[in-house]
Amino acid sequence: MALTSVLLAALAAATARAGEGVLLFSQRDLPYLITNAGSYRLVEPIAFFSNHTHAIEVRADNVTIDLNGFTLRGQGSLTGSGIFQTNEWRNLTVRNGMVVSWRGSERSGIEALGESARMDGITVLSNYNGITAGPRALVSGCMGTAQNRYAIRVGDGSRVEFCALWGNPLDRALYAGRGCAIEHCAVYDNYGGLHTEEAGSVAGCSVVSNSTYGLLVVGTGSLVSASAVVAGFDPGILAGPGSTVSRCLVYDVYGPGIEMGVGGTVEGCLVRDCRTGIVSRFAANIRNCLAYNNTRDGIAVSNNCRVAGNLSSWNEWGGIRADGRDNRVDANHVRANDTYGLILYSPGNIAARNSSFQNAFACSIVSGNTTGTFHSFPAILDEPWANFGR
Amino acid sequence: MKNECSGRWRAAAGALAAAWLVQRVAFANDGRIEICQPMMPYVITNSGSYVVTESLSVPATNVDAITVAADNVTIDLNGQVLQGPGLSATGRGIYQPAGRVNLVVLNGTVAGWDDSAGIQAEGAGVRVENVSARDNSMGIYVRKGGVIRRCTAAGRAGTTWWDSGIRVDDCGVIRESVAFDNAVGIMAAAGVVISDCTAYSNHVGILLDGPGNIVLRSSACNNYYDGIDTQLGVVEGCAALGSGYNNGIALHDSALISACSARANRRIGIGFHEDDFGLPQTYPHGSLILDCAVSQNGRGIAVLRDSLIAGCVAADNTNQGIRVLYNGSFLRDNLCRNNGVGIHVESPWLSESHHVRIEGNAVMDNGTGIQVDEAFNLTVKNVASGNDTNYFAVDTNYLGAIVSTPLNNWPWSNFEY
Amino acid sequence: MRKPTRGAVFGPILGLVFSAGVCAEDGRIQLSQMDFSDDPYTYTIAAPGSYVFTEDITAVKEGFDGIVVVADDVAIDLNGFTFSGTGSLSGSGIVQAESNRNLVVRNGQLADWGSADEYGIAAMGVGSRVTGVKVFGCGTGIRVGNAGLVADCHAASNDLYGIYAGHGGLISRCVALHNGSHGIRAVGRSVVAGCTSVSNATYGIHTGEGSAVGACAVFGNASHGLRVEDGTAVHGCTATANSGASADGVYGQLGVVVKACASEGNGDDGFYGNLGCLFADCTSTRNGDQGFYVQSGVAIRESAASGNAENGIWMVGDSLVAGNVCASNAFAGVYTAGNGSYIRGNHLAGNTRGVDLDSSTNLVVQNSVVWNTQTNFSVSAGNIIGSRTVSSICPYETSNFDIP
């Protein structure tokens, strides 16, 4: 009986066999070329040491690889990728395992360049890139640390959700192409944080203690919401033109808290202990925000911006500054800033209905601006556009 | 040599032979290494994928059941129970020492580690999925880099203050999980995203002990002290109901609270901790509270200086709908109805509360609509109706004329009707 | 704990033939048709353990439950198979008493277990989890007790509830379709997230107090699409084409916040709010009655109501209505039957009436009320209306624009 079991077990382990429609594979199958659609399951840890050769290459559509909790390990700096698929194919799924030490230059632990790849429950550790996926990928519940470059990089139209990325020391932890959705991810203590190209959506992400090379960066026409950025040397949130940053917290960033491109909206954000709290060059709408205790201005704009309904206080420079013209500074409350409450450096702006209290000076406004009169207590006014200052 | 897990043995070739000789491993037919009772307590020294084939127990109180002394380990509990000895158990169910990386624990129950943890991962990179942790002092703990999904953490009575049902210190995602009857239901230090979770009947429902944490779309109800305790983070789309002693959402430092509901909490719906005299015990200056509904609390919203509260509804709170202490806050476009005081700018114990801007709010059917106890505040464009006293403000406030008609040239007027 | 096996000497080769408690290779106890084909017809699990289906299993006798769990810490993996009852006279599929806890059921299908009083899965103990299960044609599809978790499940065509969770539960990424009562019901203090509930006989989703509901879609249900009780937070949901005698898109009780939701084409109101509710950034379009129907002490801000069969906003009184757009509603853009509301800065256009006040002491300022077909302002005496002007040169900041 024992011998029978041994023989059967040995037979089971030796070759990929079709049981329950799942093909099993192991170390001895490497390098493994998959040319048929189907489900494949790893039955032991794999270590593969051949230079410039991928451990597993998929040349088929609709392939699922279950790493079964095992590790796919490369070695050295000349590896191929752990799992590789060109963009000629599609619908590769890889799940439930660890992919480690695939350090060949520009290679990845998993390099799934085809469309609609899916990664689920994968941990990538110490690769050149961790997971590289093509367009319309789904990366869910993955972790990544100690890559040379990206922990996760996805192509256009992809979705990355519920991932934790930390300690990637040389590049951005997460890089996403155009039109990607990044949701509920934690990005912590990397060289760079989270980047998307244009038309991205970032929601519910935490970007904490990343050093530089961009903390949370989104391209043109993107949306960032319900996210937190803490600590780092770059702008906390750098948003391309036409983007919206809504209901975000930025704290303790050495650069601007939020830097908004042309024609964007910053709404309902809390920015504190950064350099300049919120900054925009042109045609931004900054409203309902709180800029507090920043080392420069609370809010700083250049031209054609609207700054309305904000609270800006305890900043080491001014509460709200407009360097250029054609800005509207309306119904804000600025208080206890170390220099001026309101600063209009150029002519051609509108400042009305603001209240400026307990700043070193209520305002610094050059001539040629349209402003409501600054009134002090206790006068009650009939001037609808008056400012209040004390 | 006969294997102890299943009565079978398998010749192990190559690199596996050494492991087999050392550990006398048995393999499931998908290559995973079996863990069974005779192996307990078990120290994993090789990376690999392990599956538990039967319920496991450790009778000794000071022994870890499974120690993961290797990187890249997956443990599938396979629906089985890892049972601790119960009272005074100082050992742990699954323990990953510091310095180790990549641990995955799936599909089972860890129970009965009464003075310790069901899963304690001191290393980094830990994924825990579909695990029930019950009757432990601490259910699931990950020090760094954790993804926790679809777990249930049920505590036990008498746990110490910091013991949590689910805890990730730095960098993690906790999603679709349930924590009840713990000291702290869910706890995070820094950089953790918590979403779609319930924290029910704990001492503290969700505790955010550092910056950069986010809580989304979660429910924290019937917790004893606080529903959600936050600092320097974002809380959005959450419900906090029925805190028996303190607040629905408690602010330890400034935070962004958006689209939340706080109802029937003993002290404050959203706000700082206060003592029995109403004085602050925490100092969350510079908070931003938007689009929240607070009702039937002791106080609805209570903030300190330089906070912005906009677009909220405060109704049926016993004391203030919105309470502001100290200088510089901005209260805009809120609705306060049927509170003791709709909006109260207060100065307890000789503190200052100046330069608060109260604008465009509607206060209705309160005892007092808007009450300003200190000077040099700006109260304009508000609307008051049906209050016992519509406006009360001390002298030297910037109080827009109180009118009953908008047909005037006083654009900063407050209305009453 | 393993049950004794009769085929143990033949090990894995013949284990599946001689079933009755045979263990799988990984130690789980296998369940097969033979375990259910003889008296007592119900498989009772009386000890903690892990069980796995090895084939589709069908009950052979009416009136019996399939699996009864009278122990804690039981895991049942349906393994992709279907566990079927005998139809409306069947017992329940998998049942666990309230006194037990921590039942896990995953990965398969249940069908045809009983009628209204029976369940596909009744995991009534505390802390149970049901994931990846499809349930159809049962009494209630899936029910879990307090602190339960239901995720990635699909409940369809059940006689009563599709999915039902106790206090402090979580229902995530589920679909409820064509059930005889609510599609999804969570008693209270729960989270319902990422769910879809379609064409159920009563509510699409009904949650108790203190819940959080997010990213859900409710469509074509015969009563309220989404009903939430006191102190609930609702974010990012859609309610469409829920129709019936009282079928609001979103119905909120006391102290509810509803943010960034859309309600379209429902039979009754787009949104209903009881005392102390907040609606912000919502859209309500082409509903059968009001766009927003609210009681006292409600704030409706920065929202849109258009094309509704009655009023864009209907309110009792003491409410704040600010910054909204109400357009092309069949009755009024904003209507109140009560006193004390503050209607400010709205754009009311293309309705039959712009502002319609049937009571007194409401304040109406800074609105643009334009091109309403019957009249811009229909107001009773005793209301306080900012001056009405057709000119951009307004004498007062509180003026309303009144452009016929």
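In this document, chain identifiers A, B and C correspond to the written order of the chains, with residue numbering beginning at 1 in each.
The working rule: a contact is a pair of C-beta atoms (placed from the backbone, for glycine too) under 8 Å apart; a residue touches a chain by one contact, two chains touch by 3 or more.
None of these values were measured; they are calculated from a predicted model.
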If you average the Cα atoms per chain, which one ends up farthest from chain C? A
Closest chain to the protein's overall Cα mean, using per-chain Cα means, please. B
Distance from the CA centroid of chain A to that of chain C, rounded to the nearest Å? 32
How big is the gap, in whole Å, between where the Cα atoms of chain A centre and where those of chain B centre? 23
Where chain B touches two or more other chains, by residue: 8, 29, 32, 195, 216, 236, 258, 409, 411
Residues of chain A that touch at least two other chains are 5, 384
Among the residues of chain C, pick out those that touch two or more other chains and give their numbers. 11-12, 397
Could you pull out which chain A residues touch chain B in their complex? 2, 5-6, 9-10, 12-13, 24, 26, 41-45, 68-71, 96-98, 100, 121, 123, 125, 141-143, 145, 162-167, 184-189, 204-209, 226-231, 247-249, 251-252, 268-270, 272, 288-290, 292-293, 309-311, 313-314, 331, 333, 335-336, 355, 357-358, 377-378, 380-384, 386, 388, 390
Touching chain B in the complex, chain C uses residues 1-2, 11-12, 25-28, 48-52, 73, 75-77, 101-102, 104, 106, 126-127, 129, 131, 146-149, 151, 167-170, 172, 188-191, 193-194, 209-215, 230-233, 235-236, 254-257, 259-260, 275-278, 280-281, 296-299, 301-302, 318-320, 322, 339-340, 342, 344, 361, 363, 365, 384-387, 395-398
Report the residues of chain B in contact with chain C in the complex, numbered from low to high. 5-8, 28-29, 32, 34, 36, 51-55, 78-81, 107-109, 111, 130, 132, 134, 150, 152, 154, 176-178, 180, 195-198, 200-201, 216-219, 221-222, 236-242, 258-264, 291-296, 311-313, 315-316, 333-335, 337-338, 360, 362, 364-365, 383, 385-386, 404-409, 411, 415, 417
Report the residues of chain B in contact with chain A in the complex, numbered from low to high. 2, 8-11, 16, 27, 29-32, 47-50, 71-72, 74, 76, 101-102, 104, 106, 124-125, 127, 129, 144-147, 149, 170-173, 175, 190-193, 195, 211-214, 216, 232-234, 236, 254-256, 258, 285-288, 290, 306-308, 310, 327-330, 332, 354-355, 357, 359, 376, 378, 396-401, 409-412
